[in-house]
Amino acid sequence: MTLQIAGRAFDSHLLLGSGGLPNAALLAPIIEAAEPALVTVSMRRTSSLAAGGPLSTIRRLGVPVLPNTAGCLSAREAILTAELAREALGTDWIKLEVIGDETNLMPDGTQLLEAAESLVRKGFTVLPYTNDDPVLARRLADAGCAAVMPLGSPIGSGLGILNPHAIESVVAAVDVPVVLDAGIGTASDAALAMELGCSAVLAASAITRAEDPVAMARALRLGVQGGLAARGAGRIPRREVARASSTTKGLIR
Amino acid sequence: MTLQIAGRAFDSHLLLGSGGLPNAALLAPIIEAAEPALVTVSMRRTSSLAAGGPLSTIRRLGVPVLPNTAGCLSAREAILTAELAREALGTDWIKLEVIGDETNLMPDGTQLLEAAESLVRKGFTVLPYTNDDPVLARRLADAGCAAVMPLGSPIGSGLGILNPHAIESVVAAVDVPVVLDAGIGTASDAALAMELGCSAVLAASAITRAEDPVAMARALRLGVQGGLAARGAGRIPRREVARASSTTKGLIR
Amino acid sequence: MTLQIAGRAFDSHLLLGSGGLPNAALLAPIIEAAEPALVTVSMRRTSSLAAGGPLSTIRRLGVPVLPNTAGCLSAREAILTAELAREALGTDWIKLEVIGDETNLMPDGTQLLEAAESLVRKGFTVLPYTNDDPVLARRLADAGCAAVMPLGSPIGSGLGILNPHAIESVVAAVDVPVVLDAGIGTASDAALAMELGCSAVLAASAITRAEDPVAMARALRLGVQGGLAARGAGRIPRREVARASSTTKGLIR
Amino acid sequence: MTLQIAGRAFDSHLLLGSGGLPNAALLAPIIEAAEPALVTVSMRRTSSLAAGGPLSTIRRLGVPVLPNTAGCLSAREAILTAELAREALGTDWIKLEVIGDETNLMPDGTQLLEAAESLVRKGFTVLPYTNDDPVLARRLADAGCAAVMPLGSPIGSGLGILNPHAIESVVAAVDVPVVLDAGIGTASDAALAMELGCSAVLAASAITRAEDPVAMARALRLGVQGGLAARGAGRIPRREVARASSTTKGLIR
């Protein structure tokens, strides 16, 4: 099963965020371990695009780059950042972030929707970072976004998926791929996201700030694959009482 | 990292329970997909040991067999069943189950400890199915058990790990391997077990009763591997507030 | 401690929704048991305002009525409904609901904000039913809403508070009272809402569809009072390991 | 509804642990706020029984005292402590604690059962502190214990009820009252315990170590009452999708 976004197919269901890396030399081995579909790059960090910075590593390894608008606080600012990204990187794909809460870096739904509508009109392939809100997700999909990227919990918190029911509601609400973005801390979180119906998982801090980022990159890749395979396998229903795996018929007494 | 039980090393951290399979022909492809360290066989089902039954398949594939005492309601009954297994299968390894609750198939701690002590004295390598109770787990380890196998939730319930804190307490309480047994429903459960410090995971119904048992066998194998890798990688701490993956220094404003 | 909304003080921290009642004669004893600060009435059910309907009971018992716009799917529709309520009931208080998802009856943030801004300009005291989204909550408060009413889980689901962290974020984000609306199933849910920092709890189905609605009205009142008292009392911190309530000093050995 | 233990009726469903109090003068107002059925006193703290100590306050207020064997690490030690309590306090009621884990103060099931059987034979009314294990609980009840007191989480942890399913299993397994003991942190925890089917809740640190112990005593009393009332009221079932509290029939369009 391949991931399909905007008509493009990816072999991997893991997206990598390149921010937060303590040591730029780790990016290449992380990418090799994660085998990501896309790697995000922040357009608002001066270092991202510098020679020898993340962008050059990502390109050298042949992974598609996904610029983001991290740090933008308004639709206007995010739109300008997206346009800058298109010029500088030669891609019309944009991970759209418009933050309304500087404590929890939560998306601002109204500004986000406004920016998404504008960028779609301008020909961008828009992947918005959004809340775990099925109505907003559907509005974004209706506006022409290529995917929606709901949060599991606040960015960098590592709290995992605080509201699995809401993520399932988002999946049910839209026809575009759902990419779980933000909050992932470990492999079981990534597996759960896929089991809930997400098409992919983005991890940044979970990998870049782990004690061993390369090992965690591999762990999350396995978690995503395991969760995807489990979803396809049709899990047993949850039951309030036990059920013997062996029948009691034919017991030797 | 290999799994070590009683001085024996295993490449896999997944144990497979063979009960509950709707179609005996599936056992071979399940084993190929799960790559289990051990496969359990119920000694009290007349069919287990029949020609063409699970045992012959397991042996043909060269996987070590672990007989169990599923369905036993007393220490005496479990001890007899273990002795029968040793004679019939030529192994002194036994997964010891003594059930005290026919609704939830919960272990009976007192009878379990009594049976474990007796079987250790008789030279068995004992792996007891136990509650998520650190004190009982330590008593079992002190009695000479080669591993302890706490439940995540009732057998066959698919409820996952209802009390992760208790599983961590069991891991902290003993020096022998902890194998999460019972309750696993899907890949994220298996990953979580490993992240909590378990050395392995046993799955039976989760695989054998899934819609596609072979696919679920592969999914759980990936989940176990992902969880183990994540534990080794040193996950980020959980934080109540967000932390930007990109620093705000150097932002283009 | 009194509940203060828009400069008005209430002795109770429980709001009652009058919908879903199987038997109109139960409304009076429910109100007596719940002692609610306000009782909501749906403006879009023809029966609400009929002689002998909920409205006449609520007025006879001297409880302030809070008309709602349940069932509205757009800002325009909700605004018209609010204006109808003002004329019909002689109150400018309105519980504003604009639904964007007919499966889970989730709020439509964009339409909600638009309606709230308009109604505030028209002199209404607006209490919007909203998502558990701190950014949207702050936008609503900034727009002049008198309170915000985030959901704990979908209306009528009885799933309780699926994301306590999000409710705490909403409380931290606004200066107006936060009223937990939707999802409450039982007394512990109501207590938890208050412990998380909410100023009040609204319950409708939890009471009106319980087997014994009058008993549940009393139960939720006690739960709200207990949770409020607990928040004021300064709970012990959560600890990963035990702490003896008795010190070990002075033990008789 | 009254609490019945060993043929004795109590108006209250809250038990108070007197350990951990920073200031002995607070005990009387705490008791007045909590209105407890019983107050426990540690027999192994030299100060408990001293003139002017907890015991004299409890007796002055006319509340029945329940001595406990906190700190005992073996059946033998607990039995001796119980006998000392009977002589010193003139009551054959004993809260039986036998700890097997000095980190998490978890009960030692085997020693606990042995001590309980012995004390019942000696004519004690035995209330054992136990794990959330339905099999052990039934063994204790079968041995003649007057109640069973499973933990919600480790003593003093304030983690609440980590495994609600297990508490429900304990309630289903025994015919004697179930008293939730250990782990309670706040009012919603106490309410939940009652909703799960417990007959009473014991709180010690949650009250004595709160910032305002008297306020928390009242809060937990309300929580217990709310949870008990909610259980009696027959809560609505949990539903995965929303259900409008108002029917859509008769909507004004």
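Order of writing sets the labels: A, B, C and D. Residues in every chain begin at 1.
In the analysis below, a contact is a pair of C-beta atoms (placed from the backbone, for glycine too) under 8 Å apart; a residue touches a chain by one contact, two chains touch by 3 or more.
Keep in mind it's a predicted model, so treat the numbers as computed, not measured.
Trainee: Give me the set of chains touching chain A intersected with the set touching chain C.
Mentor: Both chain A and chain C are touched by no common chain, going by the contact rule given at the top.
Trainee: Most remote chain relative to chain C, going by C-alpha centroids?
Mentor: B
Trainee: Roughly how far is chain B from chain D, going centre to centre by Cα mean, in whole Å?
Mentor: 33
Trainee: Which integer distance in Å separates the CA centroid of chain A from that of chain D?
Mentor: The computed centroid separation for chain A versus chain D comes out at 45 Å.
Trainee: Hey, what residues on chain C touch two or more of the other chains?
Mentor: If we look for residues of chain C contacting two or more partner chains, we find 103-104, 106, 159, 165, 240.
Trainee: Report the complete set of touching chain pairs.
Mentor: All chain pairs meeting the touch criterion are A-B, A-C, B-D, C-D.
Trainee: Please give the residue numbers of chain C that touch chain A in the complex, ascending.
Mentor: Against chain A, chain C makes touches at 100-101, 103-104, 106-110, 113, 131, 133-136, 138-139, 153, 159, 162-163, 165-166, 169, 172-173.
Trainee: Across the complex, what residues on chain A touch chain B?
Mentor: Interface residues on chain A, with respect to chain B: 17, 19-20, 42-47, 70-71, 103-106, 154-159, 185-192, 195, 204-206, 208-213, 215-216, 218-223, 225-230, 232-248, 250-252.
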